[in-house]
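Below are two complexes that have chain A in common, paired first with chain B and then with chain C.
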Partner chain A sequence: MSTVRDWAEPNPVTENRTGLIGKPVDRYEGRLKVTGTAPYAYEVETPSAPLYGHIVSSTIARGRITAIDTKAAESAPGVVLAWSHLNVPEQAARGARINPRSQRGANPALASDRVEHYGQSVAFILADTPENARAAGSLVRVAYAEEPADLDFLASLAKAGPAPGEEDARVGDFEAGYSASEVTVDGTWFSPLQNHAQMEPCATTAWWEGDKVVVHTSIQMVKGGQHALAETLGLPSDRVRLFTRYIGGGFGGKGQSYDDLTLAALASRASGRPVRVAYTRQQMFQATIHRPAVQMRVRLGADRTGRLNAMAIEAVTHCARNAPFVEHAANFARNLYAAPHRLTGHRLVRLDIPHAGAMRAPGEAPGMLSLECAMDELAETLGLDPIELRIRNEPEVDPDNGKPFSVRQLVRCMREGAQQFGWDRRNPVPGAVRDGRWYVGMGMATAIRGNFLLPAKAGLRVTGDGLATLTQGMTDIGTGTYTILAQITGETLGLTLDKVRVELGDSDMPPAPGSGGQFGAATAGSAAFETGMVMRRRLAELAAGDPASPLYGEDPTLMDFANGNIVLGNRSASLAALAGRAGPEGVYVEGSISPAADARDWSQHTYGAHFAEVGVDSVTGEVRLRRMFGVFAAGRILNAKLAKSQITGGMIWGVGAALTEANPVDPRFGSFLHQDLGGYLAPVHADIVNLDAVLLDEADDKANPMGIKGVGELGICGAGAAIANAVYNACGVRLRDYPLTPDKVLAALEAKGL
Partner chain B sequence: MKPFAYERARDVDHALSLAAANPGARFLAGGTNLLDLMKLEIEQPSQVIDVGRLPLAEISETPSGGLRIGALATNTAVASDPRVRSRYPILARAILAGGSVQLRNKASVGGNLMQRTRCPYFMDSAKPCNKRLPGSGCSAMEGLAMTFALFGASEMCVAVSPSDMSVALAALDGLAETVRADGSVSRRPVETLHRLPGEAPQVDTDLAPDELILAVELPPPPEGGQAWRKVRARASYTGAIASVAVAGGQVALGAVAARPWRARAAEEALASGASPFEAAASELAHAAGEEGRKALVRRLAADVIREAREGMGS
Partner chain C sequence: MLTTIRVNGVDRAADVDPRMSLLDFLRERLDLKGTKKGCDHGQCGACTVLVNGVRINACLSLAVMHEGDQVLTVEGLAGEEALHPVQHAFLVEDAFQCGYCTPGQICSAVGLLAEVAAGQPSEATVDLEGPVVLTDAEIRERMSGNICRCSAYPQILAAVRRAAGVAA
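Up next, the complex of A and B:
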């Protein structure tokens, strides 16, 4: 097993001789996407003409189907079959596993007469066109026996219980420390339920080849999807081949499979035809996972110099009654600030609404909206600059566990950000700056998000045409995975990018964990790097052992790779010639990465600082972002353009969280108020007029052999808090109830007599 | 989507005769609202009569010094017309506050007037809604949405008109010119083209099934400055929480009723010397609904009236 010391040795990526690492190259698949020719799951070519499925959703939150009539649907134009729980083909029971290494249990569709949430699948129509399937779906008649349901989170807080298997984290004596503090802040923040709102809905195309099913689906985890379908169908996993080559956004919402996958496979088997099934936009809101609402009580106690003495975040959140999930909104605080007396923990309310689940930066995204505003309040109470307060509380070691930081450039992020943003022009007095009818203010907040490395494999083939092809059961959910894997492979083998191919998203390929938790680039990339190193050794040995090679008989450990050749002194052997002589298939190797044995001896995180300037309309309470800037430290950057896209995209998510995004549950129905992108308001271009980010030079040699870390989720962490703090600085209104919509801001302005 | 017949109208008479023969038909122009609603099965026409290629897109001067805007002029064409921009700037601004560039390139003036409410309960065919399914009830009344009518609502419906353009047209005393299959031509104020919900919220307008909007006619702009503002949760591409159009002494409020709401009480107050705030307050004195929303409309109306006065001719 490796140790981090092994990773600190110079290697082709850290030496970066041809400069591919960090280079802002265009996306590998960019041309296909912008020309509309990248085949997404619903669009892949099928072996014969496909049929189309449509799912009918429940319109109650909890109860039992007492009668379901699909006769009219069955006789509608073009309909091939109609299923309900009464006649759907047999599937394994929920959660069942027959394959010992399955990452997911069975997830049967239409499995019973029970309805557990609004929007649950209750019937399925297969027809010759999507229009006919959908039109027939509206002819299905369902009678329900409704049962009492818990649907209103804030009205159900009294039912909150401990998160399963978790205890509060206590250090020192919070209550005593807090009450003994000279200065305190005590506030309760609310972050609402939010939706992922991916552009591409969940979708599957399925067909059978003998006793094996082939599915193209939109999912972030290849193996997870393969196993879930295999278990549901009661098949060994090797009889499910899952492809997921292009994904139109995941954000955590496609970390699992949904009924489109199951029903497409079942319907294809039943009809003998390829089948396409997609969720409607409305079903994406009502029937997939969401980020749950979180109520957070934050208490801070400090001395007059600003040193924190006591810190508590007590979070209450919710999940579906039968699908445990905890939005860990308090955990990040344990690693961010030190205080001798600390309390962090979570309580959970079970609701009869769709499943809560992971959404971009679960935990930090809502959590930092509370603590980073509480810090702003504390700074104001103390008369300290918010940056200075944070610097005074910058810990030497990880406050949670006493471990040294692998690298922590949080203070540098704040200082460089302040300088480039012009923080010194901020007037600390709220409401002091006007621009016409607009109050103008500035705010800042920090960002922290963990860094992870999971086990992963990759395959690599070099062929006689001089091409290197990397294969990995990995996904690119729009983040740029294809591109960075090509860059890593090219740099490792000394190849230009036109000589590198990347093939992803196939369950037959060497497995990687997929995209999630901002672990994708580090995990899949490190596996690609290690596989490249295996290939270097294999090719060097071939060159040394091949009498036809100019390097015959030389020491393979001294050979270098550059410009498509293996080089030693002034002699060279081309990769193409070596691979060509090795056989018609060229040379194929596999490699893998695992966490270092001592990786957990260091505290590993990514960091950043956000700065925002907002205008608040003094007449209407509308908040508009005027500009936003962030500085981040996230290890070595593989592709400056893609990393910045990830970071700024995350910041824009923070703008949405602060100002517009929320989906309330209508307690009369159990449904979400908004079920399309006209109602659920994510930021549009006009909201983001001036937003930029820089990434500091950094290499984290404790993270992985390349010193890289994740950037996919860091940008959202703390971003909304910077905006809320700017709103306060602009107009003197402290709102703790996100999003800060005009009605709330105006009510607060009116309450102040403004 | 329900199956439907499609017919492209050869001329206005053909369109009208098709409509007269089939009360279940709908006219299709840009399609930016009708097609969305058909996909959701909220609109289920048995026949779609495509009037989109009829020669009704001209914008021309009228003998009285006003402007006649053909019903099929695109929203983009109207908003970029130099005569509109110089003489009726609030109309250009109101149009540009709606939709997106792509939608405005497709959407027509007639279609903009005919668009249906965006009430989330109307848009969800699984929910009771008297406008969509008469007699099923109003989910919005006790619901979660923010934008309910402050004026003219009934126990049956609290939905508001989503059109920004019509608010400016109402402030400018615009007239909708229509024709029926029997050849009769009518001219109605845009202000009252839409019905208040009353007992029949499913009927949006007074137009007969065989009645087609030909044009909108604007009289010469009134004396005095013009101003427009729209309040919304994000900077673009979303409906108004409230809007206000002012042209001289004429004031219209948007997103507060099932029609663009001419603030007659405010206008009378202004005429008798009241301040903008007093005028706005006098209008809101007649409003029903939540105090916060009333406060927003009062503040907004007062500020836009003030702006129109100060920025004469803006």
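Up next, the complex of A and C:
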């Protein structure tokens, strides 16, 4: 097993002689996307004309199907089959596993008469056209025996219990430290239930080739999807071939498979035809996962100089009754600020609503909306600048575990951000700046998000035409995976990008964990790098051992790679010629990355600082973003353009979380109030004004051989808190109930007599 | 119903289910899958196409309503080799991530530029008398029917400016 010391050696990526690393090249698959020719899962060509599936959803939250009548649907025009739990083909029980290395258990559809949430699949129609399938779906008649359901999170807080297998994290004696503090803040924040709202609904195209099923589906994890379907169908994993080449947004919501995958595979087997199944937009809300609401009590105790003595975040969140999930909204605080007495923990309420799950920066995204505003309140109480308060609580080592930081540029993020944003122009007195009917204010908050490296593999082939093709069972959900893998491979082998191909999203390829948790680039990229290094050694040995090579007999360890050649002194051998002589298939190698044995001896995170200026309409209570700026540190940046897109995209998610996004549960039915994009208010163009970000120079040599880290989730962390703090600075209203919608702002303004 | 629609310059005739949306006609009957289905309810803009030069949500329109109409989709924008200037601008400004809303954004931007050139005002237009000036506020307002959940809005703004030849 390697150690981080091995990673500190110079290598082709860190030396970056060609200059591909960091270069803001266009997206590898960009041309396909701007011409509309990138085939998403529903759109792939099928071997013969497809049939179309449509899922019928439950209209109760909890209970039992007492009768279901699909006869009218079955005899409707164009219908091939109609299934309910009464006649769906046999599937394995939920969670069952027969394959020893399965990452997921079975996930059967229409499995029983039980209904566990509104919007659960209860019937499935297969027809010749989408119109006929949908029309037939409306003919299915379902009778239910409803049972009492827990639907209202805030009304169920008394039922909150410990999160399974978890204990509160305690350092020192919080209660004693808090009560002995000279200055305290004690507040309760609420972050509502939110939806991913990916632009591409979940979709699958499936067909069978003999006893093997081929599925193209929209999922972030290749192996996860393959294994879940294999277990559900009771098949060995290698009889499921899963492709996921283009994914129209994931954000955590496509980390698992849904009934579109299962039912498409089953219906294709039953009909002998290719089958396409897509979720409707309404099903995306009701039948996939969401970010649960979180209530967070934050208590801070400090001395008069602003040094934190005690800090607590106690979070209560919810999940589906039979699908445990914890939104770890308090965990980030363990690594952020120094305080000798600390308490963080989570409680969980079980509800009869769709499954809670991971959504972009699970934990930090809602969690930082509390602590980063509490710090703003503390700064004001102490008469300190919010940045100065944070600097006074900057820890020397990780306050949670005493480990050294691999690299931590949080203070530099705040200072550079303040300078570039013009923080010195902020009037610390709330409500002091007016622009016509608008109150204008500025706020800031920090960002922190962990960095992770998981085991991954990759394959690499160099062929006689001089092309290098990287293959990996990895995904690109818009994050830029195709592009950065091409850059890494090109730089490692000394090739220009026009000589590099990247193929992803195929379960037959060497596996990588997929996209999620901000681990994708570091994990898949490190595997690609290591595979490139294996190829370098292999090609150098070939050059030394090939009598036709100009480098025959030379020491392979002295050879270098540049411009498509292996170079030694003034002699060179081209990769194309070497690979061509090696055989018609060229040269193929595989490589892998694993976490270093000692990597967790360091505290590894990405950091940032957000700055926002808002206007609050004194008449309507509407909050409008005026400008927003962030400075971030996330290791070596592979592609300046794509990394920035990831970061600013995350910041805009923070704008949505602060101002517009929430999905209440209708307590009558257990449905979400918003089941479409007209009701669920993700930010649109007109909401986003003058938003920019910069990434600091950094390399984290404890992270992986390239010193890179993830950027996909960092941008959302803390972003909404900067806006909420700006709202307070603008008009003197502290709202702890997100999102800060006009009704709440207006009521608070009126309560202040404004 | 037998329906003939001129799509990307070519007459396409088909026997169309009257319930079929223009979007499904393009995707399922003509195999033009560049036009995306994001919500099927006219709320996301992923299905934006140009009908007789005017941008619409193809999901909100039945195919049979478009007998004789000229429909331009994302597949009809690029030439044999060269991208349409709006496509090129989206590519170099990185005005997309997952790419699913992108064809709709691009068609919408093409429509926007024609509307501005024709002097059609928007909610963001300050001077209703003179020619429309393509300010950032105009672009943001006129592109707000196209949701990008990856939130590439700053880059989309830059791309539309670039395509219009407006300096940042």
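As a convention for this text, the second predicted complex is superposed on the first by the 754 of 754 C-alpha atoms of A that agree within 3 Å, B and C clash if a C-alpha of one lies under 4 Å from a C-alpha of the other, contacts with A are read in each partner's own complex, and residues count from 1 in each chain.
The rule is short, and it goes like this: contacts are C-beta pairs under 8 Å (C-beta built on N, C-alpha and C of every residue); 3 or more make two chains touch, one makes a residue touch a chain.
Owing to the predicted nature of the structure, the values given are computational and were not obtained by experimental measurement.
J.: In the overlay, answer first, second, both or neither for which of chain B and chain C A:397 touches.
T.: Once the two structures are laid over each other on A, A:397 reaches no partner at all.
J.: Quick one: classify A:741 as touching chain B (first), chain C (second), both or neither.
T.: first
J.: Considering only the touch criterion stated at the top, classify A:246 as touching first (chain B), second (chain C), both, or neither.
T.: second
J.: What is the contact status of A:143 with respect to chain B (first) and chain C (second): first, second, both, or neither?
T.: neither
J.: Regarding the shared-chain residue A:659, is it in contact with chain B (first), chain C (second), both, or neither?
T.: first
J.: In the superposed arrangement, which partner chain does A:683 touch: chain B (first), chain C (second), both, or neither?
T.: In the superposed model, A:683 contacts both chain B and chain C.
J.: Is A:131 touching the first partner chain B, the second partner chain C, both, or neither of them?
T.: both
J.: Per the overlay, which chain contacts more chain A residues, chain B or chain C?
T.: C
J.: With the two structures laid over each other on chain A, which partner does A:154 touch: chain B (first), chain C (second), both, or neither?
T.: The answer is neither, since A:154 touches no partner chain.
J.: For chain A, give the residues common to its interface with chain B and its interface with chain C.
T.: In chain A, residues 131, 135, 676, 678, 683-686 are touched by chain B and also by chain C.
J.: So in the complex, the part of chain B that touches chain A is made up of which residues?
T.: Touch residues, chain B against chain A: 1-3, 41, 118, 120, 123-127, 139, 142-146, 231-238, 241-242, 292-293, 295-296, 299-300, 303.
J.: In the complex formed with chain C, which residues of chain A make contact?
T.: Listed in rising order, the residues of chain A that touch chain C are 26-27, 29-40, 42-43, 129-132, 135, 196-201, 246-251, 278, 280-281, 477-480, 641-642, 645-646, 648-653, 676-678, 682-686, 688-689, 691-692.
J.: Give the list of chain C residues in touch with chain A in this complex.
T.: Touch list, chain C to chain A: 17, 19-20, 24, 27-28, 32-41, 43-44, 46, 73-75, 77-78, 83, 87-88, 90-92, 94, 96-103, 106, 136, 139-141, 143-157.
J.: Within the complex, which stretch of chain A touches chain B?
T.: On the chain A side, the touching residues are 59, 77, 131, 134-135, 138, 282, 437, 617, 619-622, 624, 659-660, 664, 666, 668-669, 671, 673-676, 678-679, 681, 683-687, 741-743, 746-747, 750.
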